[in-house]
Amino acid sequence: MDGAKLKSLLRKVGSGKLSPEEALKELKHLPYEDIEIAKIDHHRALRQGIPEVIFARGKRNEDVVSIARAMFKKTGRFLITKASKQIFDALSIKAASFHPHSGIIMAGPKTGPKKGGVLVITAGTADIPVAEEAALTAAYLGNRVDTLYDAGVAGLHRLLGSKNSFEKAKVIIVVAGMEGALPSVVGGITDKPIIAVPTSIGYGTGTGGFSALFAMLNSCVPGIAVMNIDNGFGAACLAHKINTLR
Amino acid sequence: MDGAKLKSLLRKVGSGKLSPEEALKELKHLPYEDIEIAKIDHHRALRQGIPEVIFARGKRNEDVVSIARAMFKKTGRFLITKASKQIFDALSIKAASFHPHSGIIMAGPKTGPKKGGVLVITAGTADIPVAEEAALTAAYLGNRVDTLYDAGVAGLHRLLGSKNSFEKAKVIIVVAGMEGALPSVVGGITDKPIIAVPTSIGYGTGTGGFSALFAMLNSCVPGIAVMNIDNGFGAACLAHKINTLR
Amino acid sequence: MDGAKLKSLLRKVGSGKLSPEEALKELKHLPYEDIEIAKIDHHRALRQGIPEVIFARGKRNEDVVSIARAMFKKTGRFLITKASKQIFDALSIKAASFHPHSGIIMAGPKTGPKKGGVLVITAGTADIPVAEEAALTAAYLGNRVDTLYDAGVAGLHRLLGSKNSFEKAKVIIVVAGMEGALPSVVGGITDKPIIAVPTSIGYGTGTGGFSALFAMLNSCVPGIAVMNIDNGFGAACLAHKINTLR
Amino acid sequence: MDGAKLKSLLRKVGSGKLSPEEALKELKHLPYEDIEIAKIDHHRALRQGIPEVIFARGKRNEDVVSIARAMFKKTGRFLITKASKQIFDALSIKAASFHPHSGIIMAGPKTGPKKGGVLVITAGTADIPVAEEAALTAAYLGNRVDTLYDAGVAGLHRLLGSKNSFEKAKVIIVVAGMEGALPSVVGGITDKPIIAVPTSIGYGTGTGGFSALFAMLNSCVPGIAVMNIDNGFGAACLAHKINTLR
Amino acid sequence: MDGAKLKSLLRKVGSGKLSPEEALKELKHLPYEDIEIAKIDHHRALRQGIPEVIFARGKRNEDVVSIARAMFKKTGRFLITKASKQIFDALSIKAASFHPHSGIIMAGPKTGPKKGGVLVITAGTADIPVAEEAALTAAYLGNRVDTLYDAGVAGLHRLLGSKNSFEKAKVIIVVAGMEGALPSVVGGITDKPIIAVPTSIGYGTGTGGFSALFAMLNSCVPGIAVMNIDNGFGAACLAHKINTLR
Amino acid sequence: MDGAKLKSLLRKVGSGKLSPEEALKELKHLPYEDIEIAKIDHHRALRQGIPEVIFARGKRNEDVVSIARAMFKKTGRFLITKASKQIFDALSIKAASFHPHSGIIMAGPKTGPKKGGVLVITAGTADIPVAEEAALTAAYLGNRVDTLYDAGVAGLHRLLGSKNSFEKAKVIIVVAGMEGALPSVVGGITDKPIIAVPTSIGYGTGTGGFSALFAMLNSCVPGIAVMNIDNGFGAACLAHKINTLR
Amino acid sequence: MDGAKLKSLLRKVGSGKLSPEEALKELKHLPYEDIEIAKIDHHRALRQGIPEVIFARGKRNEDVVSIARAMFKKTGRFLITKASKQIFDALSIKAASFHPHSGIIMAGPKTGPKKGGVLVITAGTADIPVAEEAALTAAYLGNRVDTLYDAGVAGLHRLLGSKNSFEKAKVIIVVAGMEGALPSVVGGITDKPIIAVPTSIGYGTGTGGFSALFAMLNSCVPGIAVMNIDNGFGAACLAHKINTLR
Amino acid sequence: MDGAKLKSLLRKVGSGKLSPEEALKELKHLPYEDIEIAKIDHHRALRQGIPEVIFARGKRNEDVVSIARAMFKKTGRFLITKASKQIFDALSIKAASFHPHSGIIMAGPKTGPKKGGVLVITAGTADIPVAEEAALTAAYLGNRVDTLYDAGVAGLHRLLGSKNSFEKAKVIIVVAGMEGALPSVVGGITDKPIIAVPTSIGYGTGTGGFSALFAMLNSCVPGIAVMNIDNGFGAACLAHKINTLR
């Protein structure tokens, strides 16, 4: 529609009804945003490669369902994070799968495997929901994903014994609650970019994940990328961006 | 310069070298920001009526001085907030005045008095530096300014006795530290828009102004506009925006 | 009734039963508050134009219902915020409407449209409940209200494409959770007074809305009026005060 | 029993079996605590005049019930704070009354009215549960209690119009949530000792009562006694101690 | 002067120039605060018995000096808190004394000793500055003051050995930093009203006095009056109010 | 298996197929972690004497049940903390016992009593769940355990009257919520190592246990070992480590 | 030296003095760390490509100087962060340069330019010190670096006008204080990995950089890598790791 | 003197002037604390084995000097923590030594070496001041002390290579700032009791040591004893208590 405005303007210039000078003046006062809408949308579709994702928390179930259906109809795929079994049941889309640990519902083909991959490590078993969110999202975005769960600092050997996984990975997502020490330890034994996700696992002073968050921000290993608490989705997005850098 | 680009584009359309359709396509790929620079600047100059203001804190004195001089040269006026006597001395601009309480340095003609005005109230004498910053900034921006200092809750009568000032004001800035109760009390006796500025006055749990800030955000009087701690400048800007609404 | 007391006193003076000096003395010891009750009430009714509003949270449903009914009987209108469907059902007032997103129940005629209006913008769809509270309250108070939802920073173009709405508004309420960046962006492209409402949308470190609150208090755009977290009602009150300034 | 030990020791001295010097040495090694148990208990009963009170929260209902019954059997009276209707029903003591706002269950005669009394003021209606806890506890402890509810800062006149209540009180308990400004205002118009109780009323930054707490600690009126959030019981205890000072 | 206004009004009624009804209307629009000024001042002077006190922190030395001199001239006495040696030297008032620990400067006769007294206890020697502020202020206000310093929890016997002081006191001020446990312990062995003052003594998590403050607010001994951190002055004011209750 | 790798390498050296120098080089590149797995496991089993413990919170009931069964099958004993009655019922292991206060499920023989023992003290009855977790865990690990509940600061005599228990203990665990003063008081009357566990008992500013935690960290008694809030299990582990020091 | 131990062990196997089985057993009990030292060091040197960097803050000047000299002697280059002019003067190494804004001292050849580069953007001029630390460190590590300073949200056009710089960058470091909104805005217009560094710029609630930190963690743009406050060095390390991914 | 009182009392009983019953009654009202003073002192001297230590911070230099001199005169030894060179110079006691990193001044013979010892580990060089305080205090109290500095998580091999030190230690003090991960790692490889001391090393969110503190409280290794931030002295006291357990 704005294209229409512009086209009309340009036609006036073309037909001599408007001098270039006047058109320039006009253009300066045109709502430039109209032009940008399409452009930025295109840019998003073309370059980011990240299809719209539905964050279910704080939305009503019926809204989530209708957005997901619309998306599925148009693109044949969708990803919902922090969702519930109720939403999955209400969707009744055969192609969709529900992952109860992380509350992920997803459908549609994954992009073929890429060179390099994403390794998702957790400190404990309680961190797995967040890790699964990261792993499934990364897979949905088309990355090869490996996981190494329950490899925390108290059982250092499990971590140290998994160097092969490290070698194969291009980016490492480390998910940890409690004292959040694992990213530092991982960072001491690899040079891969590390994305640290604090989890709200723990009790007492650990409640809410702030202990882990601040530990990760203060790591003695320089250059660890820190995400918000429980934000496995964000970690996957960053891993994907790094993994698909030209 | 971008105007140049555009003009050239439009000329090509005008001369038939480019069809409107092609030009439209071209325009979509033009760096729209170049166009916007001028536009937004103009918009700012024309509509906001707020000349650039120099925030001295965190800048080196020589930088502040050279920016202020350049500004004075071009516009004949300037305002520096959170400045020091050293900066004032280094400036050596006769037209400038230094206000030690608030650390304001200003020069140049004020815009003539407007209808309506800004009343700046403080709870205590220790809140005066922040209040002065608000009052001088508001005056610099061309508003009529009245002040009512040391009218805190413990001496309610001084406040209640000043209704005339209230009647004359169009906007009221209330500056208070400690328990920050004054805006609520003022709000209980007037219907003017109230802008509350917490100050970092106090000790113990009051240190830093958070007590006052949270009290103001939780006022039982609905609709009080809260500023950041010690942000007299911001309060004056909002007062000015309200006061000059068409 | 206090008027009665006063009248009686004055009559005594008028009839010579009391010397002016004695009456003066008497008056000083009269509970001045009695005088003030009426006066302040009158003042409130006359000047603030804000009818009493019922804040339902923390009140028992039966209390809310009986207050609302009494108010409706006397004035033909009322507004309840943070209410529930149960309250609405218990009310059984035909003229009333229930708005489930925001939990607003309202009844009665709105004052006719004024010049200028209130534009309510949200960053995301999850901010809509708070925005709706602001929009409905503002409308209830007699303001013209426009809304622009889901225009957050990640989709900047939707915001930039809505300049027309900006032009028509006199005051802009910006409702945002998470990083609370939207008021700064809006403030960069308009000179209207901006009222920022942080919402408790988000998780991890964003829980509770403090991230958004502090971002808004620290905006690089000077003069943004900040409200308490989720306080859409307060924003509407301030917008109304600004919008009806003489 | 320790008395027994001591008596036996003293008898040995009395009978010459032990020299005073040896007894002194012995006494120094006696577990002094044994002596103290009785003494301190006696002291408590005799001087504090505060019968044991049962804090129900965090205790199992059956435990609360059995403690209350035992207490009632022995002393004919008891006071339970933060209790529920279930506990009251399970008690099935006719003499007991249940106060649903505050969750107080109490039984037994109150001590006769004393000279001077306790005035309990609230800022809003939502503060009444905490105020009722204070008022009932103070009454239970034998104090004359007056209440003045919903006299907040936004309706200053209601407060100012109640000077008579102020004159009759010996101690004033002020219960307020949100911005917690009321104690400061009350403190500005009376010289009675003021006990301020912040309540966890409010939302956003006011959640949990910290806004009100810090405001009260930072009051510009010197000498306000501050209690923990929602601690109406503690306020009543202090009021009682002050009210019964010899 | 307002008395003048009123008198004139009443005279007009007296002389028939104004009907009582008209006078009533007039009165409602008179700035009632003018009446109140004198009244409240009188009230303050008469009943509170607390002469104005100068809080030096945040004021410029010259201002403190001139206020103190004016006060001394008029009343023959004054009290400055949080003052420095420089201020004392600049004052050059022979009758004044400077107390370096607490930064108190005071002059003028103390009111004669009263029945009952104030006992000031500190946990450690580092709490003495705040305790001295409390003790000197209480003495200045005319209370009998005893002190018991360095009687902390780690040396419980020193405290327990001072029961005589407890018996003589009417109110007890307990000043403590670090873990702030002392008021609870004192409260366990006396029934006097206790005023707890947390101090900013300590390091690490104790910095700023919040540890002590929260411990005091959460004391298992009900009814402890808590002051702001380092607020010895406030404690003395409350002690004075309690101590002089009629 | 890694042993296999190593053995094969060493055999090659033994058979002259590999020079020691080459083997050394090889060894440096062997994944050393493989060696460590066994080694560290052995070390753990042999030296720590702490059998694996199952932390139920955050795990699904079925997972807890299957882990516990596997452990019981292999070792004849197990300990689950923060568990529920549902888990206990689902387990249906006769040898197991469920402790509802603390949510501990345990089975299997305790190691015979050791010299010295662990004394667990609580300030109030509400602290018992955490204390029970500590006491049962310590017993499970083979320590002799005594308990002294409800011996808080307000009833100092109960504590002081229990010196015998102190003498018999080798390590003392002090569990306290609210103001957390008890460890300081205990520390003032014994020289045993003290392990302090703050509990999330209390309301208002005490919510969550931070008051108690910070009080314990700031104790004026040097050398108190502080645990996370509600971490009775950790306290027992430390007590066990100290109690079994060679 | 450990190599020596190992070599000797292997020689014994080679000479038949030790069976492979015995050697295996021996190896398991060898302090494996000795082996690892060299290995890990080698790994670090070889793969991370990040030469040791000296963090000057908290170290004594003489220590910084001697470490830097030793490093310079051995490797011909070094980097010191958070250093002062005094250290630079004391160093007296001609090849070294001092960068006063960021306090960086560096010497030695930079690695030749790589494909792709690092773009460092700041919101304001006050963020430049942290940005310069990031830019110089990234350059020192061998990355091509571009900068775009003072492109904050209030002057959106400057940012939008710099798309060319975006296209050329492979990773973007965004440095911002105050409300920390810039990374979200940048993230809305590019698909490059974004590293966000909050700065401790601002006052009031912005003090210390927490406002900016939390805003960045809660960005509505998924996948932003967040660094600790003022940690320009860490941002450069992550950018380098991403930029040199094979 | 209280002994005198008691002796006199006992003599009266001995001489028949007082019946045992009367004496018992008397004794109950005797200030028992007087008895306790000596007793508790004796207890402290005899059993804790910890001579009084002078905490210099917050005390005036002259006070520290006079206390230290008195202590030296009486016992031939003393320990001052957090002291300065000025205090050391003012002391002019030849036997004393000053340790500038930690600010320790100490004098007098150390008790002979004991079986078992204390190992003090630091994560970085910046943690050494706190570690030195711990090490010197432990030595002063008579413990054998080893140190292992700069063995943080980023250089895991240095730690793992020092197992011998671990074997020789009976208690391990781990001093760490920043993310505070070291105690968890140490706890994963030893079964010795671990005392963790967070330090206020770091910047941004690490400022003040809270990151390290919370990480240590939330360690996945159960049973780590946590001290207040920078409290090396406390760690040494606990280590000493554990190390000297009978």
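In order of appearance the chains are A, B, C, D, E, F, G and H, and numbering begins at 1 in each one.
Going forward, contacts are C-beta pairs under 8 Å (C-beta built on N, C-alpha and C of every residue); 3 or more make two chains touch, one makes a residue touch a chain.
Keep in mind the model is a prediction, meaning the values are calculated, not measured.
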Of G-H and A-H, whichever chain pair has more C-beta contact pairs: A-H
With chain centres defined as mean CA positions, report which chain is farthest from subunit A. E
Which whole number of Å gives the spacing of the CA centres of subunit E and subunit F? 50
Roughly how far is subunit B from subunit E, going centre to centre by Cα mean, in whole Å? 38
Report the inter-centroid distance (CA atoms only) between subunit C and subunit H in whole Å. 58
For subunit H, write out the residues touching at least two other chains, lowest number first. 32, 36, 39-40, 155-156, 189, 204-206, 210, 213, 217-218, 228-229
Considering only the defined contacts, which subunit G positions touch subunit B in the complex? 125-126, 155-164, 201, 203-207
Over in the complex, which subunit B residues touch subunit D? Could you list them? 123-124, 152-156, 178-181, 184-185, 187-189, 202, 204-206, 210-212, 214-221
Would you tell me which residues of subunit H are touching subunit E in their complex? 31-34, 36-37, 39-41, 57-59, 63, 198, 200, 208-210, 213, 228-231
Considering the complex alone, what residue numbers of subunit C touch subunit B? 40, 43, 47-50, 53, 116, 170, 189, 191-193, 195, 213, 217-218, 222-229, 233-242, 245
